[in-house]
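Some structures to go through are shown next.
Common to both upcoming complexes is subunit A, partnered first by subunit B, then by subunit C.
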Partner chain A sequence: MDKNLASRPKVKVAFWTTESTLAYLLLLPAIAVLIAFMLYPIVYVFLTSLYKTNRIGNLVEFIETDNFKTLFSRREFWEVTIRSVIWTVLAVSAKTLVGLTIALLLNVDFKGRKLARTLVILPWASSVPISAMLWQWTYNYDFGLLNYTLKITGLWKHPPHWLGYPLSAFVANLYVDIWIGIPFMALVFLAGLQSVPPNLYEAAEADGASLWQKFYHITLPLLKPVLLIATLLSCLWTFNDFNVIYILTRGGPVNSTDILITFIYKYAFSFLKFGPAAAMAVVAFAILLILSLLYAWFYFKSERY
Partner chain B sequence: MKKIGLIAMTLSLIPLLFGTPVGAKKEVNFFLALYDGLRPEYYQDLNRAFNEANPDIDLKVIPVDWNALHDKLVVAIAGGRPPDLSVIGTRWLLEFLDIGVVEPIEKHLSKELIDNIEPGAMEARINNVLYALPVAAGPRFLYYRSDIFKEHGIAGPPDTFEEMLTYAQKINDPPNFYGVGMSGKKYVELTEFAYYLLGNDGYFFEINPDGSYGKCRVNDEAGVGALTFMNDLVNKYKVTQSGVTAYTRDEVQDLFVSGKLGTILIGAYTDVILKQRGVTFKWDYGLIPRFAGKDRHPLMITDSIMMFEASKNKEAAAKFLEFFYQDEWRLGFDKHVGFPPVLKSVGKMPYFQAPIYKVMVNSMSGAKGWPLIPQWAECNDIIWDAIGATFLGQKTPKEALDEAAARIDEIREE
Partner chain C sequence: MKQNKGKFVVCFLIIVILLVLLFPFFVTLSTAFKPLKEVYASPPHWIPYRLWWRNFSDVWTKYPLAQYFINSFIIASGATLLNMVICIPAAYAVARLKFVGRKFLLFSFLVVQMFSPIIVVISLFKIFARLGMIDTLSSLVIVNTVFTLAFSIWMLNGYFSTIPMEIEEAALIDGCTRLKTIIHVTLPIAMPGVVTTLIYTFIWAWNEFMFALTLINTAAKKPLTLGLYDLVGRWEVQWQYLTAASLFAVTPVIVLFILIEKQLVRGLAGGAIKG
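What follows is the complex of A and B.
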């Protein structure tokens, strides 16, 4: 140790005046909130998944992995899990593609661009349950706006009962989820596009690059970090999108639109089976964790190069 | 001195954080199910009138959609914050007793009030203890378009389901007008199937000699016959609205109100809805049909008000019930929801001498209720899936109900 430093008289300072201690102190409320509202529920869900519970979710008996074994033996659990993955892949792909297209269009300077940007954000600005309820009315076979429009314009003389059959109900739910999710993607991509230096495009144009070449070799690589983060967030939200399905179809007809999150709700709060519901929540957590880790690996790998 | 002052001030603030200040109002939360026909003015007035008459109590009437009530209660119970009082479907009582959250209501109510309740409405009396106070006893009716029936030379409501089919075939004119309404979208209750099942002398469970429930019997001849008939209405004769799996009970009711249905099987409350919405067509009502050669066993549904064991203000909650069960308030409630009164004194009032209420009383003879078992919510869901799978052509009625019965027995054994 530096002798001079050791021999220096110690100055007594109040503990909150040292920078690091103060930082910890200021972080304490946030840490407490995270422990109480994030860590504790997660740990409790893991515990619950290993226990037999009573009908209000109190842990009664340790049953190891019985809840998981029962779950994995049920065909409907696998159907719902696979459907959740399909739902997420389709919805996120559509949101990304459409969101990116809208962002590219809004990035071009044209008259009325501000108005267009405002209009794009509208579906995201309104509350999801309200939007879902509006769509429920829109899809109504007898009195809904969609079928009315299709009929009077002659586009479809006998439109279907959108929410009455498995495939159309799934597509109808998917459409609403995409409709609600597009503005977020478009805005994030737009922000990403605006950070691309214009001189790169100018240089490319001077070299005679086509529109597609500029997009593929400049826009896409520079947008990659934003694309990764936005699609990851969208995956997490879409996989857990409860509102749309619960309001439009409640998982029906005959569970054909149930995804893991609605199934968990049904088991926990309709059937009072908190053990299997917690086991499903753990499975959902594991799927999303793997996805997030993959994304993180991909993200940092691309950062490195 | 300064320190002492500071400590004294801190101590005086503690009760504000952790305790109820002396003289604070006693809070009573009441989950009121939103019955069709029940207007906000009614329960807002009730809330206000009670609070004015009882300045020491702060009553909060919280309206809850019927379809969400069960799940909302479960969430509140699991979260350790149930209301003091709530309307419940009486068939949920066993589930709540099983959880251990029910406060037997009888001991908090006056003898006058208990004696004034129609005995037939006391479905929540178990082992001679009244656990919950009846709030509504709902017989079910067949409503029909009397003007359209007349046009087709049909004299009155069908007595049997077979007659109902014949009449429906006569008046059916899709896509403008459908013979019979059918709901195939999952709802909190399984009423549609119950009408046909009970009308075919069937039931959900075998009844053991001691009165307890045995194995599920929805897949017996009566059950399969009932579902086959329903499916024939939908897919063979096509006398219902199309896409039945997209319609809840409420949406089928909307179709009838909008003049697109000839017949509907629904709660007696539809009478109030039709009047409130001022429909211009002519309609009438009759008893729920039965199958030819079978006895009539209509469905009888009762709802009750339950007090939660965790309530901190049971006395205040009971005081509210005594207030609510005065003739004046009960008359208003029964008029709004269109059910026969659960209070004897209200039943004697001139309003309830109208013909429809006489029919309601008659319809209760031979009626059967929902099974009182703790797992009913899940059984309900499983049978709904069987019905939906049949309507969608995924399974035959026999296959669907065999699977449902097996699953229900499995659940009950768990």
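What follows is the complex of A and C.
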């Protein structure tokens, strides 16, 4: 990309002003919109986190870091934060493992592979909020087809009341998040696998390498850049997953399935405590910033800008 | 022989995985074809006694589904249009022109793209309240534009950069103005990229839930996601209608998504998968 710009011959082109002025002009609407509706709101959240707020979110009194102090002193906050970390780690590991497995399977040439690939995409292609609603019905204890199927197939004789208890509700939420995230992982790994030169495997086969050896010594090292960027991306999405938890359980029973992102929303729009909610948003912002900087950095490195 | 056995195992595993992955879709299909009595039968059964097609027409008369569709369509097309108007020039600038801060901007777009809407929803709620735009479709058009903008610029930047400079230069030398060159030469070549970006924005806005939940109160202004969520909130959910409605709501975006899925993955993972 850059090479293209650099190698560009110096042609005198006729346009009304210098190149950079034109560039800034073309970028102006985008930058203006992002400043007004992205940057300014972020600054405003920081500001709100330092204020006492009333029930409609107006800033009432400057209280320095009091919002943070109360937040950090509450057990609830730490529980939710730790749960967000566990949630992200478990979900991303599962998505990566299953995604990689599916990619390896789809990389084998068999009849119906194209159809299988398309069908694998469906959980990602479907609308997340609507999927979450459909899952709520699937998980239904009395009439849901999940427990019924688990029972009649003998896979699980006494399946739990999924959304009724803290642990099973957490697992149920986690499963839906993983379910949505698997297709991207599978697709991105499949694309990575398909760019591995086949002669590497042929050479290894000639040397008598086993399936596992080929995977461990050829596939895995070559997949490393994809693995890195895909897991970072997945961390961001998983940490940010609001729809699944809000729609399936609203963080319940009694906040037991809340993660930071849903908790912020609850604090602001259910409890109307905008100050503490903003303080939590600042914490979440810091975490997300680190992750997205890492992602952007690796992305840039891979593109060789 | 050994290879055939291997392929058999692969096929078997794929079928098992697909059965698990598509499970909720099977549930949806099964429920959408059942009458209420069968939906709430205990124990439940998979195959409806007979296909109850009426759900698919009843859902349009018993619920304001058409209104939800229209709202979603207005929001999604509005956001798509606005996004295009803003993102095409911006993407052209970062892909084609030299200026100070170009790399920094590209990097920032990539970072911004990843921010959670939740971080700013508190502020945006205040901003829209001050602007008197709570409970309007235009507020949703704006937020959906904002949250798809950075990624759209990225995707399109990728497409513009692959077009050889020489093609544009030839047009410029032939006396075309810069604007004419963009419209008649660059954009047509980058059309697949423009379409991908367009579809991406449309789907994003169509599926958006959190901002609609926060900014919209009136039933007549609710988009599909929020409208259907209201159905779930009722005491006894009419799941046969909800599943039928979601089939209507989800099928078009699934088709669109499958069209752009490859470019999307490429855009998200960047050079890591270009081999």
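Quick note on the criterion: the second predicted complex is superposed on the first by the 268 of 305 C-alpha atoms of A that agree within 3 Å, B and C clash if a C-alpha of one lies under 4 Å from a C-alpha of the other, contacts with A are read in each partner's own complex, and residues count from 1 in each chain.
Quick note on the criterion: a contact is a pair of C-beta atoms (placed from the backbone, for glycine too) under 8 Å apart; a residue touches a chain by one contact, two chains touch by 3 or more.
Note that the structure is predicted; figures quoted are calculated from it, not measured.
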{"item": "Touching partner for A:142 - first (subunit B), second (subunit C), both, neither", "value": "both"}
{"item": "Which superposed partner A:57 touches (first subunit B, second subunit C, both, neither)", "value": "both"}
{"item": "Partner chain(s) touched by A:33 [first = subunit B, second = subunit C, both, neither]", "value": "second"}
{"item": "Partner with the higher number of touched subunit A residues, subunit C or subunit B", "value": "C"}
{"item": "First, second, both or neither for A:240, with subunit B first and subunit C second", "value": "second"}
{"item": "Touching partner for A:191 - first (subunit B), second (subunit C), both, neither", "value": "second"}
{"item": "Touched partner set for A:122, first subunit B, second subunit C, both or neither", "value": "second"}
{"item": "Contacts of A:199 with subunit B and subunit C, given as first, second, both or neither", "value": "neither"}
{"item": "Contacts of A:255 with subunit B and subunit C, given as first, second, both or neither", "value": "first"}
{"item": "Touching partner for A:164 - first (subunit B), second (subunit C), both, neither", "value": "first"}
{"item": "Overlapping contact positions on subunit A, where the subunit C interface meets the subunit B interface", "value": "56-57, 142-143, 265, 269, 274"}
{"item": "Subunit B-facing residues of subunit A, complex", "value": "54-57, 140-143, 160-166, 250-255, 265-266, 269-274"}
{"item": "Subunit B - residues contacting subunit A, complex", "value": "70-71, 74-75, 77-78, 95, 98-99, 101, 184-186, 241-247, 251, 254-255, 258, 260, 374-375, 377-378, 381, 385, 388-389, 392, 394"}
{"item": "Contact set on subunit A toward subunit C in their complex", "value": "1, 4-5, 8-9, 11, 13-15, 19-20, 22-24, 26-27, 29-31, 33-34, 37-38, 40-42, 44-45, 48, 56-57, 102, 105-106, 108, 110-112, 116, 118-131, 133-138, 142-146, 148-149, 179, 182, 184, 187-188, 191-192, 194-196, 225-226, 228-230, 233, 236, 239-240, 242-243, 246-247, 261, 264-265, 268-269, 274, 277-278, 281, 284-285, 288-289, 291-293, 295-296, 298-300, 302-305"}
{"item": "Subunit C - residues contacting subunit A, complex", "value": "6-7, 10-11, 13-14, 17-18, 21-28, 30-31, 39-46, 85-87, 89-90, 92-100, 102-103, 105-107, 110-127, 129, 142-143, 145-146, 149-150, 153, 161, 164-165, 169, 172-173, 175, 177-178, 206-207, 209-210, 214, 224-225, 228-229, 232, 237, 239, 242-243, 246, 249-250, 253-254, 257-258, 261-262, 265-266, 268-275"}
